[in-house]
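Note that subunit A is present in both complexes that follow, paired respectively with subunit B and with subunit C.
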Partner chain A sequence: MHDLAALTPLSATEPRIERIGAIRIVEVTDRSLASLTCRSGKSRPFEAAAKALFGGALPAPGAWFEGAPFSLIWTGPEQWFVEASFATHEDIARILKEPFGDAASVTEQTDGWVRFDLEGTPVVDMLERLCPVPSRRMKNDAATRTMIEHVGCLVLRRAADRFSVIAPRSFAGSLHHALCAAATSIA
Partner chain B sequence: MIIPHPLLGPRDSQEFTYLGDADLIDRPDWQAENAADRFYEYLYLRDNPAGEHRELWFHEQGDRSWLVVTRDTVTHEISKVELARDVARARGRSK
Partner chain C sequence: MSQSHRIDGGLIDRSRALHFRFNGKTYQGHPGDTLASALLANGVRLMGRSFKYHRPRGPISAGSEEPNALVELRSGARQEPNTRATTAELFDGLDARSQNHVGPLSFDLLAVNDRLSPFFAAGFYYKTFMWPKAFWEKLYEPMIRRAAGLGSLTKEADPDLYDKGFLHCDLLIIGGGPAGLAAALTAGRAGANVILADEDFVLGGRLNAETFTLGDASGSDWASATVAELAAMPNVRVMARTTVLGAFDHGIFGALERVSDHLLQPAAGKPRQILWRIYAGRSLLCAGATERPIAFENNDRPGIMLASALRSYANRWAALPGKEVAIFTNNDDGHRTATDLLAKGIKVAAVIDSRKTDAPRTNRYEVLAGALVSGASGRLGLSGVEVRLPGGETRTIACQALGVSGGWNPNVHLTCHQRGRPVWDEALAAFVPGGVLPAGMSVAGAAAGTLSTAGALSSGAAGAVKALADLGIRAKPADLPEAEDAPVRIAPLFHVPGKGRAWLDQQNDVTVKDVKLAHQEGYVSVEHLKRYTTLGMATDQGKTANIGGLAVMAEMTGKSIPETGTTIFRPPYTPVAIGALAGRSAGKDFRPTRLTPSHKWAAEQGAVFVEVGMWLRAQWFPRPGETHWRQSVDREVLATRKSVGICDVTTLGKIDVQGTDAAEFLNRIYANPFAKLAVGKVRYGLMLREDGMAMDDGTTARLAEDHFVMTTTTANAVGVYRHMEFCRQCLWPDMDVQIISTTEAWAQYSVAGPNARRLLQKIIDPAFDISNEAFPYMGCGEITVCGGLRARLFRISFSGELAFEIAVPTRYGDALIRRMVEAGKEFDAVVYGTEALGVMRIEKGHAAGNELNGTSTALNLGMGGMVSKKKDSIGSTLSEREGLNREDALGLVGFRPVNPAETFAAGSHLIGKGDVANAANDQGYLTSVCFSPNLGYTIGLGYLKNGAARKGEVLRAVNPVQNAETLVEVVSAHFVDPEGERLRA
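Up next is the complex of A and B:
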């Protein structure tokens, strides 16, 4: 058996935490992620399975909700990202595939993405310098895919002063640089 | 330019890529007698109106849906935006 050391998206052994002025940029590595898509013509069994597993309606376009154990993010028509704790749901794709069966297509996404949490009162000022979505007007359940420095990212609002940015993992270094530069410019 | 997305509301046009005339939805039947002529028209012949134009836009840096946008090419005023799949289904397409 190989004894390999797990690395974070920023190629370190521990998640990076950056403090710039009143902003904190936190690399989040303890979440697993899968994509869940309703198959054509299967919306009824899909919705029944979703209700049984998640205990409610799926988030509408442009929205997300934080639940336990699953958080759901709308990513496109009939498509969602499902997030859960890595410690308990490392095999999230298999966990989702079982109850949905052939009503859904599920793909593992955990290591394909990097998540940075942005915290601090001026976080909206920072995002306004980075992406074209109206972050100031976003509600606390809003999530949308947009562009930051030409990188397609999901931007989620968690609270007045807390956002998450989820981007393709191979852009982790570039995105982290962009976030730090924007934070520095308003610090 | 701001494109009013039917699901997500007003979005910056830099999140989109442009394909062209919405007539590209109507791909000719390749088994028809006159398929060669119709594909020639489908591929190469376009109107180039100064005014209202129906065109396909792809929300590439967003939810990845295809839209049919009715835009005035003179003023850039957008009068209508539909999901392309709804347009295709309304014309009897299965997917």
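Up next is the complex of A and C:
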């Protein structure tokens, strides 16, 4: 077991939780993430491995699927992000590569991204100040790419009052600032 | 004087008094007032000075079309020029000043321009100030600039916040008058997602300004009851104080919501305004109509206004510009004003109706049928009008207010934002929306030329039904109250002929004469007319002026108005603060910042940061006692070359390339061969653009048979990735290759210097042998560090030293640099920034962005031989172009000063001794220059014609920008360790 201490994307030892009005902005750091891409001509073994590992069908474009231990987000043609608990799946790329073998290309993305969960009744009002996605109409299994203050992000709806924003990690500070500003605006 | 001109009634809250200041004097108004209505109620008609002639002016309208009553609102950093008093909502503590005058408003010294008006006719600035030529820049232009313009800027930064926002709806209804409310009621009750936006702070449009009834209720009561019903519907968003500014592509609209403009200042953290982008399935334009004036001599006297505005001030705001009122009209609507004012007990001196036979007759007020108003008196405020009777005799009528009605222009603006042209309606004598509208838009109510209240209500409801039907939503028209349904009766009249100046565009001081002059000088196209006379150009965009100008031009050319043309309407519908367009992207938030994994540690060390794209990178790390950046940089360079230095190189792009065809893919992307790179090895690669010029360079490591990791330069990380995606998806879709960025997933540090290996051996787990034999130069591998953390190690060197790059998952990057600094203490390790990095790469002769500048080829870089002829790769064919392979092509070489004490600058051009320093004698230029602490003098890299063959030659480095010149000797680009022994140690 190594002895290096981790920092969160916001450069702290503990994840940040911000409460602004009825909104909670939660920095989520206990999830690991990997990209999973089907290789050319390998749909059949890929789907078989996916079914065995994830149980259900892979989410369609614009959708995500919450499962245990793996959640899946559609991120591009034949490409998904796979999310799991960091505590049990820190080495997620290796864990995925094994069952998929040469049917898939896998990369570790855990620390490539920062995830903020946005919670609270007015969360849609807040998102309407941030990005052009039709957040009010999004279903609870919807996920899409968008821009928030110039930063390319993934936006997922988890519940009526709960969304996740996943963005490149180095932008964490700027994105957090933008989220807080929007929450203050609508508070 | 307290609200001397306030009458009974109105939609103002008299239970509260609001105190405000205009030109330093305190007045009182009420909630519901605008600044203009409150000033009129206080007997103030004079509110501003005109643009060119500085003529005294008062409001002519009661809405956003206002050309005259422009003020500077608020003070200090919040001061906003050119704010329309007619739309500025009154609040307690409002402070406004009139603008564009020297001295007091009632005695403007620049009013001398009015006396000199013969010299300031249309186009005067094209004709005067021509001589002497030298006077233009020093005298004329500064003078004109001082005199021109309306309001002034404080030049202080705007302290307010502005949000941007994004909304989606089935139906966007633009305008909340009778048509818009009927449409919203219809669509809302059908369950559609509706946005109803109106620029006013009270919805209802003309319903709030008229005395008509809708069913049993007053217009304003019906409007407020309807708005209350709409506001209670969860599927309807009612947006007051929101102007839809423009119709953009694919049913997208821009709208500005003035969230806090009716407050003294926005609440902390709250925006002043929100610029919304609205994505609408369908849109229904219910923007109403704007009344137009009739031009006559001195028709700009304060107190002369549109008849409908006079009615609005009386009915909605209970304010009047004068106790005696006259009306000048060419249509029946003018008589409504007379009737309404009479009902309020106001004296109507006369209604001058230009129609001889069609003018309605009544015994309640005097009607002068077939008469024209030919002049007005009262410089600072109207005192009377001169009327030319049908028989030719004139009569003077005393009045302090004149309502003018020249007919109504449908507000077609948004129908034209996609270049649709309105069409002329003879019956209305006005333009109505043409057949080609922005996608998904339809028009209802007065905006469509349906000018009666009943017509507006029914066309609004019908418009909503039809728009929703397009979307597959069934709706039935809302049940509507009975309402006024009078026909339009008008005899077109745009100006009263006469000798004096009659004003068409009051904001830009354009008269009938100016239009005639433009015609006389050959400006017959309406677009030229606009530019020559400035008609319709200012903040009001000619909302009350354009048709009048067109009509005069039509008269001159003998054509009809529609044959003469229309000008193009462009967004925004009304002016927008620049702050609203910027949104949150202002000041430090202009763009986001990317932080490196070692940022926190570097900040603790007091590092000086530099922006590299959006990244903040440590530029150098000053130590106590170092007062100049060179001291820090020299120390970092010397310590690294002597022992070991650490540098955060996370910002370099990392692109993960996998798939069975990954090797062949890279072989095509890079100009040099990659197919046979062994697993566990790294290779330097140069990629070309399709045109054969160098695009980017970097190293690519082969981690497995089907797995590579490419590094790109920091600046080109995105561009290279995009290029590779294009190649993968479009050029070679059959290849089995998958790419994805992993730039941020790994914290990567360069560890360079003779002790780099010894330092890393303390970090890397002992199971991994990194001796020169086991892990030679250009080796790579997956390792573990600090007791089992997965990591990657690459033996590559940018500095020319024995060097490694070590990568760990980003969250551990902070801990790793702290651990390495601790482990490096025994070697006097330093952490170095981008400046030292730059010095060392110049010393080593490695190209960077300065050399890969978009104009250089592999040959220029001294890497011509790397472009493989044995394979096809992007850019290889066009790199063989004759022009790129001339014998005297630029070649990258090094330079040092002949006198080591002298220095020179990057960007200097290379000129032969004795040659004139000009473009013809240009031999090349210096790309990168630094002081080399190892050599003790300034060194440089640069491109020199046939450079490789000219070592030892002495040239002049000429820097005309700084008026400097240095003799330099051409040397090898490799100043340090030219044989590469150190990096292989």
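Just so it is clear, the second predicted complex is superposed on the first by the 184 of 187 C-alpha atoms of A that agree within 3 Å, B and C clash if a C-alpha of one lies under 4 Å from a C-alpha of the other, contacts with A are read in each partner's own complex, and residues count from 1 in each chain.
Assume a residue touches a chain if its C-beta (ideal position, glycine included) is under 8 Å from a C-beta of that chain, and two chains touch if they have at least 3 such contacts.
Treat the numbers as computed from the prediction; the structure is a model and nothing was measured.
Of the two partner chains, subunit C is the only one touched by A:Asp3; subunit B is not. The larger set of touched subunit A residues comes from C, when the choice is between subunit B and subunit C. Using the contact criterion defined above for the overlaid structures, shared-chain residue A:Arg145 touches subunit B, although it does not reach subunit C.
Contacts of A:Ser174 after superposition on the shared chain: subunit C is touched, whereas subunit B is not.
Of the two partner chains, subunit C is the only one touched by A:Glu128; subunit B is not.
Legend: residue contacts after superposition of the two complexes on their common chain; A:Asp91 is shown touching subunit C, with no touch to subunit B. Of the two partner chains placed by the overlay, only subunit C lies in contact with A:Asp111; subunit B stays clear of it. In the superposed model, A:Arg136 makes contact with subunit C only, not with subunit B.
Residue contacts after overlaying the shared chain place A:Ser43 against neither subunit B nor subunit C. Shared-chain residue A:Pro61: touches subunit B; no touch with subunit C. Subunit A residues 40, 132-133 lie at the interface with subunit B in one structure and with subunit C in the other. Interface residues of subunit A, counted against subunit B in their complex, comprise 40, 61-62, 74-77, 132-133, 144-147, 152.
Per the touch definition, subunit C reaches subunit A in the complex via residues 161, 163-168, 269-271, 274, 277, 279, 584-585, 589, 591-597, 599-600, 614-615, 656, 658-661, 706-707, 734-736, 738, 740-747, 784-790, 808-816, 819. Of all residues in subunit B, only 7-9, 11-12, 14-15, 60-65, 83, 85, 95 touch subunit A in the complex they form. On the side of subunit A, the complex with subunit C involves touching residues 1-9, 11, 29, 35, 37, 39-41, 79, 91, 102, 105, 107-113, 128-129, 131-134, 136-137, 149-151, 168-175, 177-178, 181-182, 184-185, 187.
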